Amino acid sequence: MIAFEGVAYNYGGGELLSDVSLRLAPGSFHFLTGPSGSGKTTLLKLAYGELLPTSGHVTLFDKTVRGMTRDDVALCRRRIGVVHQDCQFLDHLPLTTNVVLPLTVAGRSADAGNLTELLKWVGLGSLGSALPPSLSGGERQRAALARAIIMDPEVIIADEPTGNLDWEMSLRLLTLLVELNRMGKTILIATHDLNLIRQAKAQVSTRVLRIKDRRLQLAGADL
Amino acid sequence: MIAFEGVAYNYGGGELLSDVSLRLAPGSFHFLTGPSGSGKTTLLKLAYGELLPTSGHVTLFDKTVRGMTRDDVALCRRRIGVVHQDCQFLDHLPLTTNVVLPLTVAGRSADAGNLTELLKWVGLGSLGSALPPSLSGGERQRAALARAIIMDPEVIIADEPTGNLDWEMSLRLLTLLVELNRMGKTILIATHDLNLIRQAKAQVSTRVLRIKDRRLQLAGADL
Amino acid sequence: MKLLSGLLSHDRQADRVVPPSGFTAQLTVFTSAAMAFLAVFALALSMASGRLADRWAGALAGTATIRISAPPDQIAAQEAAVLSLLATTPGIRSSRAIPPEEQTKLLEPWFGPGLPIDALPLPRLVELTEGPGGYDGEGLRQRLAAEAPGAVLDDHTRWRRPLAVAAERLRFLGLLSLALIAGATGAMITLAANAALSANLPVIRVLRLVGAKDSYIVRAFVRRFTLRALSGAAAGTVLAMIGVALLPRADEAGGFLTGLGFQGLGWLLPFVLPPITAIVAFAATRLAALRTLKGLTR
Amino acid sequence: MKLLSGLLSHDRQADRVVPPSGFTAQLTVFTSAAMAFLAVFALALSMASGRLADRWAGALAGTATIRISAPPDQIAAQEAAVLSLLATTPGIRSSRAIPPEEQTKLLEPWFGPGLPIDALPLPRLVELTEGPGGYDGEGLRQRLAAEAPGAVLDDHTRWRRPLAVAAERLRFLGLLSLALIAGATGAMITLAANAALSANLPVIRVLRLVGAKDSYIVRAFVRRFTLRALSGAAAGTVLAMIGVALLPRADEAGGFLTGLGFQGLGWLLPFVLPPITAIVAFAATRLAALRTLKGLTR
């Protein structure tokens, strides 16, 4: 689905990522860790086409990102659900409208039952008509996850989706992600929460990637 | 320093906090926990005068918040260092200028050595001239903490300061906070990271407050 | 065309993704209204001065007077000679003797209504109108001298020309203001659109993140701004036209000024302002939005 | 006063906390410039028309002509009678007989320069100037009829009044435009300031969070906007004055129009526009900032 081949990236200064190669096979479940500032968010942005690699190739659904037009990228995004680290919403529209936004911009309409169930699962059942600025930090993260999965994407990419959540709620979201993975979705999650990774490992087969010294490594036994 | 007396709060809907009483004695170290959406951020906002209690009294430095003018509140803020959950900066000014902003608006100038040391401690030594939008999520949190303590406040209030940080960096910040507490600062931290709380308990005497069913409880043995 | 139809087709969903209001919105509406208001006045001014200049210039252009001073017994003969001479001069369309009553009226301001014109040895006046090619003034003077020694050709533009020049200058000023107002409006709408776009960068980022195409985003902004500019300009135009209609009429000013309002079909002219403003807003917003999107990460 | 001195004192730190530029900034500068530009032209128009109206009105107000038509042998006696009568009429400041050369000049447009004025039994004209209290027109007419039967009083305002009315109306239009421009400028600056403030709400929140007083925040915004409005208006004023100075001179239009430019000290008048704009911007931004801050959480 998503493949990196010898990817390097820098924001204009020194190199941040070097020689990153990675294949997200359909139905795989990956975690991405690494110290703060090591480039996790950057790698995710490369993976959904927001950034172009400085060198090397990123391939989304068998097309190289460098050759895509802006509209191609938009169409790809409809197949990838993304949870940003700083969850942004349209602050003037209520939560439900925000959650179904990916459907709206694709010209599709939402299944009301589906939406209610999803909101209930992430614990936002009673907040459907709240405006995003009045949500708490954790509520925003859950809403962002709901928005990322509402249109049934093939890939789900989430950047620290549990940074502001208590352990119970984190587990609940993990369960949801595991469930989606079992349904065949490809999942990539950046997190620093090692407990969460351990918990996931107990439920599905996951691979843990770690950014260290600008390289991507496979982390294993040390977790 | 900060006292709540029978405080209740609601955002216009149902009551969110009821009958909260609390005294932060000088030099005390408190953690605040509770599920996502339980009102931790709201309680902190009451504690630094951003919100006015619906009923009951909040007292900052022996003055009741309800009687304060906007300028009084501004002066209080200079004695309270605050880390917001969504760390906001002046995006057009470099990191160092942002970090010394509390000094700037108070008409004081920064001690350069102090600043360098502080930035180095929070791991931002090399990013002093970076603009805030180019910082990673964890770097923003660390910068916000640096900004909160630069002017040597009597109270430090932080809302999920380690939500986007790896464990190692979290410990580093905790060490800093413990050090400040030993120097006599009053500290109040909202977090859902139980490991962090346990670690802190090992180093200083802390009290853990928990919001449950709209009330504030003292959590103890169950951690 | 496709763009315009896209603009007009009712797409409420796309509309709603842009925050509905805010000060840049009000600014756009107000700017369009104020500028349309000023434009209507400038238009009225330049049209009135245009009419005035036309009238004076038309009254002057291609007319001239021949003044015949002669002893009373010769004057009728000389007048006849002049008239027949003019009839055979190439480049002169028509000529006529100004009847005494008309002459009296012209002199009234100077001598009062009771001027005993018959008792005065006043010169006779013959008015001629130039034809399309014009006539040879010097040749005419020479022939007049030969055939009617008391006749003097006076192309008398001197007398009313200052007024025509002044009116012409007023029209120029009016058109200059119109051009300035148009330019300023365009620039202000562009800036307001850019301000709105940069205020809404987070909105644009969210939309891109969830898979919106650029055209979807552009359409939402363009629609908003075009409609705002259109409604603002329409309001300003209507208000200004009411204002113009309420201005004191110029009738008592006699023929000098034709009144600052519009005349006949001229009243329809200001109605082109709202569509023009809307088109300017459409183009400005579209360009600004496309440029903003290009500048963003993908 | 304290506010203004605070504004002018150099506080670079407070300045820097507000993002330096952006489209609302450009919009403010441009709006001030464009509106100042238009205002200068409107000012020039209304001053020129004002001068014109004054001149015509002044030439008419309080003057009148007495026309004496009489047989040649009586005319001198009647003229003398009229003059002495006028000298004793209360409310008349001065009177004089219009000498023949002057009369010839007045008639020139109608009869050409070669008018044999001596040969004509033209009426004699006596011009009188009213005193402060005015005179009794009906009484004067009766006394004239008694003492100089050939004399007719003509207050002849009729003749030039239309021009004065027209000029008056132009001046009114100019002043109306000025008022409109001033109002529109004020509103646009207010809206631009509000737009800038709402675009900068995060900045304001950060500043409040770190303990900035409202006055500090207000000062930063007000300073920015006042300086922007001032510089924009100054640029627009200077450009417009160059434009006015470059307009074709009106000399060839003779006395009719005095030219659309300014005269003498009038050239200084437009320089009040930038300070006025700055004051408007100062007040508008201050109000908007204080209102915005009140609306925020503390």
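Note that the chains take the letters A, B, C and D in the order they are written out, and that residue 1 is the start of every chain.
The rule is simple: a contact is a pair of C-beta atoms (placed from the backbone, for glycine too) under 8 Å apart; a residue touches a chain by one contact, two chains touch by 3 or more.
Here the structure is a predicted model, which means the values were calculated and not measured.
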item	value
Path length in the contact graph (chain B to chain C, fewest steps)	2
Count of contact steps on the shortest path from chain A to chain D	2
Remotest chain, chain D as reference, centres from CA atoms	A
Distance between chain centroids, defined by C-alpha means - chain A, chain C (Å)	62
Chain C and chain D, separation of their C-alpha mean positions in angstrom	23
Separation of mean Cα positions, chain B and chain A [Å, integer]	29
Touching two or more other chains - residue numbers and ranges from chain C	none
Residues of chain A engaged with two or more neighbouring chains	none
Chain-level touch network, classified as line, ring, star, complete or other	ring
Chains grouped in pairs wherever the two touch, ordered by label	A-B, A-C, B-D, C-D
Chain A residues within the chain C interface of the complex	45, 49-52, 70-71, 73-78, 82, 84, 88-93, 97, 101-102, 104-106, 147
Residue ranges of chain C touching chain D (in the complex, touch as defined)	22-24, 26-27, 30-31, 34-35, 37-38, 41, 45, 67, 69, 106-107, 109-112, 114, 116, 119-123, 152, 154, 156, 158-159, 161-163, 165-166, 169-170, 173, 176-177, 180-181, 183-184, 187-188, 191-192, 194-195, 198-199, 247-248, 250, 252-257, 260
Chain A-facing residues of chain C, complex	13, 16-17, 19-20, 202-203, 205-216, 293, 297-298
Residues on chain A engaged by chain B in the complex (per definition of touch)	11, 33-37, 40-41, 85-86, 123, 134, 136-139, 142, 159-160, 163-169, 192, 194-195
